[in-house]
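This report concerns only the one structure given below.
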Amino acid sequence: MTMKGIAAAAFGLGLALAPLATSTARAEEITIGFTAALSGDFAAFGLNMRKGLDLALAELNKKGGATYTIDAVDDRGEAREGVLIAQRFCSDQKVDVVMGYSFSSIALAAVPVFNDCKLPVLASAVTSPALSGVSPYFRRNVLTDAVQGAMMGTYAAKTLGESKIYVLNQQDDYGIGVAKAFTEAAEKAGAKIVGSESYLLGSKDFRTLLTKVRAAQPDAIFIGGFYTEAAKIAEQARGLGIKAQLLSTDGALNVELMKLGRGAVEGMIVYGMFDPSVATPATASFLSAYKAAFSEAPSAWAALGYDAGMTLGAAVELAAKDGPVTRESLNTAFGKLKDVPGVTGPTTFLPSGDRNGALYFLAVKDGTFTLAPKQP
Amino acid sequence: MSAAPPNPAAPTPAILAAEGLTVRFGGLEAIGGLDFAVARGAIHGLIGPNGAGKTTVLNALTGFVRPAAGRLSFDGAEIGGLGVAAIARRGLARTFQNIRLFGAMTVLESVLVGGHRGFGASPLALVLHTAGARAAERAAIARAGELLDFVGLGREVAGRVATTLSYGHQRRVEIARALMSEPKLLLLDEPLAGMNAVEKAEIADLVRAVRARGVSVLLIEHDMQIVRALCDRLTVLEYGKRLADGDPEAVLADPAVQAAYLGRAR
Amino acid sequence: MDYFGQLLANGLVLGAVYALAAVAFTLVYGVVRLVNFAFGELFMVGAFLTTSLMLPEVRLVGHVVPMPGFSFPVAALVAVLLTAALGVAVDRIAYRPLRRAPRLAPLITSIAVSVVLQSLAQTVWGAEELRFPEFELATYPPVVLFDSIYLSVMDLVVMASALCAMTGLTLFVARSSLGRAMRASAEDQTAALLVGVPVDRVVAAAFAIGSGFAALAGVLYAQTYGFAHSSMGFLPGLKALTAAVLGGIGSIPGAALGGVVLGLVEALGAGYLPNGTAWKDAISFVLLVLLLYVRPQGLLGRPELNAAGRGSLLGGAAEMGGWLRGVFAGLDRLLAGSSARGGAVALGAVALAAAAGLLVPSDYWLRILTTVLIYGMLASGLNVIVGFAGLLDLGFVAFWAVGSYLTSILFVLVLKDGFGVALQETWWLFYLNLPLGGLLAAALAVLLGTPTLRLRGDYLAIMTLGFGEIVRIVAINWVGLTNGPMGIRGIPAPVLFGVPLGTPRAQFFLALTLAAAVVFIVARLVRSYVGRAWVAIREDEEAAEAMGVPTARYKLYAYAMSGFVGGFVGVFYAHYQQYISPLNFSLFENIILLMLIVLGGLGTFIGPFVGAVIWIVFLQVAIDIPFVQAYPETRFALLGVILIALMLFRPQGLAASARVPLVMAGAGPGKAGRAEGAVAGRAGT
Amino acid sequence: MSGPAGIGHIVHPTAPTSHPALPVEPLLEVRGLSVSYGRIRAVEGVDLAVEPGRIVSLVGSNGAGKSTTLMAISGILPLAAGTVRFAGEDITRLAPEARVGRGIAHVPERRRVFAGMSVRENLVLGGYSRGDRAEIERDIDTLTALFPILGKRLGQAAGTLSGGEQQMLAIARGLMSRPSLLIMDEPTMGLAPQVIDLILDTVLEIRARGTTVLLVEQNAVEAMRLSDHVYVMRLGRIVHQDSGSNIDPDRVKAFYMGAEA
């Protein structure tokens, strides 16, 4: 990524969003402690979030008022880092807010520390229900996997009318959470779960798993996991002659899905909070600005990162009205925000720290995500 | 101590006896039906040309190789099937042909390892440094000091890393380590190899002194001058079999033995 | 039947890839007795190079770079050749200078090389998976056998290329002059030199061919699963190593057989066991452990290789980097001096740490220091088995996990969730759990240690690695017991008689107390007949045995002690972090701990802490380097480079000269800690 | 070093023993050779010369430093001091494999054949330093004529041979490089008397075919009988030397049997 590119993009975006800006903010200096897996096996999610956030901050800085800087710390997806990084941000009085987090398990280890030092956190990609209401200082702008999985379950059984579903999930908090919610909702809505099986995150070979699936002859296969595995499952399923409808989660809502899975993911239905095909002006300018800055299409993580940045901007503005922005005032401001507009829809936080929001159901068509033909 | 060695002909009960000892490596018979006995209180020489199987006999006696057949008795008990440590704990100590001291240890520590079987404090006692544990350690250190004096090194080398000593001194450490276990029989595998004449004479004196402590000795050695001077009795091996057995002078004068060493003229 | 047939076919494809990569391990191990962990990364490099060469353009370090767009065979060939050259270069730079170094040094270096290559690959190719390009063969419809067994054309190509490569290699090794020289060098290097074989060049050839095979396996794997990624080599590398050991490391037909067996067992196990896919990796490690137990040399291996690891992990000449000796001489004098006054130095160190704990103003630095203490303690535990008893253990994290899970399950899942107990009422249980976790882990250690008694050296390492992975996979999959990957949260911070010890400063002092206790207990045992027995086993197992040391029993003691420390620290760790998940106990953590003690100095009390300081502090300080902020993955690349440099110039570890006296402090009639002095009388030299 | 006659192509006009005083340029010349194992000096200041076409023996009891000397000459062990010259060239710093290329072959103590490889492969490996494949086949034929038993076992794994057969193989393997100097370390150790006779006859045969031999032999009687010149080692030094016919067997015996005062 080049700084020049971001600046140029932000300029364009700033123009597009200019009407939204109010110009009463004091010259606050806001430092964001950003942490996610930025290297190692799972760096892609964190780096995407970072890109979205960078774009939002460049735009906020352009707008004037408060200035935003990032202190980025790589957690490499290692749980041991959770506490240390949290303390690093807590101890650094310059840090006003913490953003990022790729893994619920690392956030869970960090939350007690943040809770002690009263530092607000706005996470973008961690969906574990265990994080609901975990601390008054912890918020996230994604829905929990319990909520999302249940919506998908109902959608699959009711709207799509699938009657025999095989459930696959990656063996982690995310995968287990969505699969459980999906299974319960789908069964309640009348579908039969003909089998379920889990795989370890990072698995590449699903042939055996799919051989098992094939033997159960399902109408649909739900993949509770990320795009890297979903793409491989799709491709290997086609290779084994499986023709069932593929369903997946927001973990698969990523432009990389089509790059990796190509023809095999055609027709797969996923859900998520960001839909590149919904042509609102904000989405359109985000898409073009992102493309200009990073010469690639944004993923759902980038969109959530971007929205988190914009939400922070709104909270800072709100807090600045009552004096200098502090951790505490920022935290209060987060709680008061209502329907902050964004590319993933409006943001409002529930008292539990979770976000109130809606899902899009999207299908892969001709190599892009489009609104699924059937909507609930 | 006694200037006169015990008369080998006298019916002293043997401390160690091998009957029909046979060792095979793969299909190869390294030792074939060997009989010999070491009298209590004797310095017994085991000699033979290179490759005759001397070290193999020693390895069989100490449990390093399992004999294919034969009986081994030590101090009145059968030791044939026992493991190395179990045999050692019965009082059969050895040194190695190529000195095998523990690389990173000091002289004192190495010698103390030899006294391993004398320790028995529980882990808890060790952590708490109970009086009993401390007394055992102190006694062992004192005895190690005595042994270092005994082998002629003196206590001042106790803190040196053993492998940094000269070759001759390392050999003495090895002997002290073996003696630390209070053995009844000491097996010495070429203890004089690589030493000059003065050192050899000193080690020979040491071996006599060991015997004077009441420890029997089985000695593998190539230097016949020393063997002649030191041993009460010799067993000569060739091709894994007993070639001769008896009084050193007689054995060494045996043309068959000489031929085994120097080769036969064709 | 068609289910079985499909599983069989799946297993064969996977097995073919494993077999090819296993050849790499086996070939190099045969000649230089080195388990080169970096083959996993050469596998990855081969995949990336092929993918890149086939594309019209690739984004490298963020810039779009035009590429030749070769056809698959050409790209694969070029990639294999380039990777082979890279393998030779790695050997030349990182391993050859260490041929005579202590045995662990090249092993650690190979891990460091892995870290560097992986981080560099991520810097160059990015964090996203790179799609393997479509080419004509891959677009053909699948071949369907018996109506139900689907195999893609490329699957057949994979199996055929594996078969051809293995046959080619077998012929090459059997017939060619270089192949013969390779076998001769593997059997007897001295004899090979005497007949005029240039052994260095043969080793280079082994690295070239091995790396080429790893690359070929990577290419086929990338093709089969449709991607290339910087971390793609780790698990297949581990599996290939497992396959090589299964087959009997050093044997080429063994590698082929091991690979196929592993592929089939994984496919069939995953296919027939409930939720088998999640247990797949555990299945292969269970197989490995069972096989090594009944047949330590592997299926087709030679038993003497199991004995080749005999002797000291620390031994061998340490005459490296002559000019650097001066640099370290001062340090060595200092450390050697300090080891003679063990007790005083230990008190000084604790006082210094306590002063730091009082004076460091930042909670962040307190947490860093606490982490240093935790890793230092864990490494001290591992040091008992590796550093003192000389047994290479890659499964130590299992003991750590046992302690952590014991206390977490008791506090959270049983007391809080099960009985609704208010946790502040049962604060005392934490102090009870410390020894309890230790004892449970020690019991597990003895259980796991018993079957390893027949193994030595690298075989032992692989078997313990298998144990560690099995325990971790059980922790992930046995959701009912451990809460699985969700982990256990809400573990209370320690409390002492109503005083909460949750602040970073309190936690630091608690950790310091525990660390002092751990070092004290370890030191008291090491400085006794027990420690002497351990070191004797490490230095010369046979000689120790001949001195009447029952070596098997003392190895188990070492396992137990090591396990105790792991479990003990694990209990504290859970309450410190207040959340644990299986992510905490990965193989990589074990490798880190091993690195810490090798870096610091095996078999010293201070070494684990020296290593922990370097590791933890470097990683934290490096975050602030602007370059690292822009390219996060370079932090680990940098660390890898530092590790390699340290190993090349100081293979025995930084604090190696802080030699531990093995005699009970205060046992002499004189002053405490002067046992040697007591014996030495007054004659000082 | 190559020629159609294989190992027999270098023809020396006369038996060197008949001209002991003739000043011949030595094929191998070792000066002041010292070798240490760590802090232990195993060999100290050894001088020796081997003139072409001769059999020179190094005798002495166990641990005298004979094998160490040989290993230093062929480059396996590093020298603490001294020089090694071969055929007029200083080879002190040459790699072992390069020394084989210059014409030194070393038949090591305890044979060290490649046990897992066939007899033929062992022989082919012996010719590793040569490029001429056809000639290698011819030399194998020549050598199997010299050692008929090997000819019968070409396909068999070397590890399955008897001790004597392994020794013959080790010698044949050494000869495969067409050396001008063959170093043999204890070729008769542990062998049965009939086999010893066979091996020692072979040594003579090798010399007769023109290859110079440096022999370490425990069997001192035979060594003295065979050799043109004998060096006696003790405690890492050369303590005595003379031509094979002049050397005093009793002194040598004394060194061995310890009867010397």
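Chains: A, B, C and D, in written order; residue numbering restarts at 1 for each.
Operating definition for what follows: contacts are C-beta pairs under 8 Å (C-beta built on N, C-alpha and C of every residue); 3 or more make two chains touch, one makes a residue touch a chain.
Remember, predicted model here, so these are calculated numbers, not experimental data.
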Nearest-to-centre chain - CA centroid comparison: C
Whole-Å gap separating chain A and chain D, where each centre is the average of the chain's CA atoms: 77
Inter-centroid spacing, chain C versus chain A (mean Cα positions, whole Å): 33
Computed distance of Cα centres, chain D from chain C, in Å: 47
Centroid distance [mean C-alpha coordinates] between chain D and chain B, Å: 34
Residues within chain B bordering two or more other chains: none
Residues of chain D engaged with two or more neighbouring chains: none
Chain A, residues touching no fewer than two other chains: none
Every chain pair in contact, whichever chains are involved: A-C, B-C, B-D, C-D
Chain A - residues contacting chain C, complex: 1-2, 38-41, 43-44, 47, 72-74, 76-80, 82-84, 87-88, 90-92, 103, 105-106, 108-109, 112, 116-117, 128, 130, 134, 171-173, 176-177, 197-200, 202-209, 211-212, 214-215, 228, 231-232, 235-236, 239-241, 256, 259-262, 295
Of chain D, residues touching chain B in the complex: 38-40, 42, 61-63, 163, 186, 188-190, 192-193, 196-197, 200, 218-223, 225, 235-236, 253, 256-260
Of chain C, residues touching chain A in the complex: 3, 6-7, 10-11, 13-14, 62, 64, 119, 122, 127-129, 131, 134, 142, 144, 150, 152, 221, 225-227, 229, 231-232, 234-235, 266-267, 270-271, 275-278, 280-281, 362-368, 371, 476-477, 479, 484-487, 489, 493, 502-504, 576-581, 583-584, 586, 588-589, 620, 623, 629, 632-633, 635-636
Residues on chain D engaged by chain C in the complex (per definition of touch): 74-76, 95-97, 100-101, 105-106, 108, 112-117, 121, 124-126, 128-129, 173-174, 176-177
Chain C to chain B touching residues, read off their complex: 312, 314-315, 520-521, 524-525, 528-530, 532-533, 535-536, 538-540, 542-551, 557, 603, 659, 661-664, 666-669, 675-681, 683-685
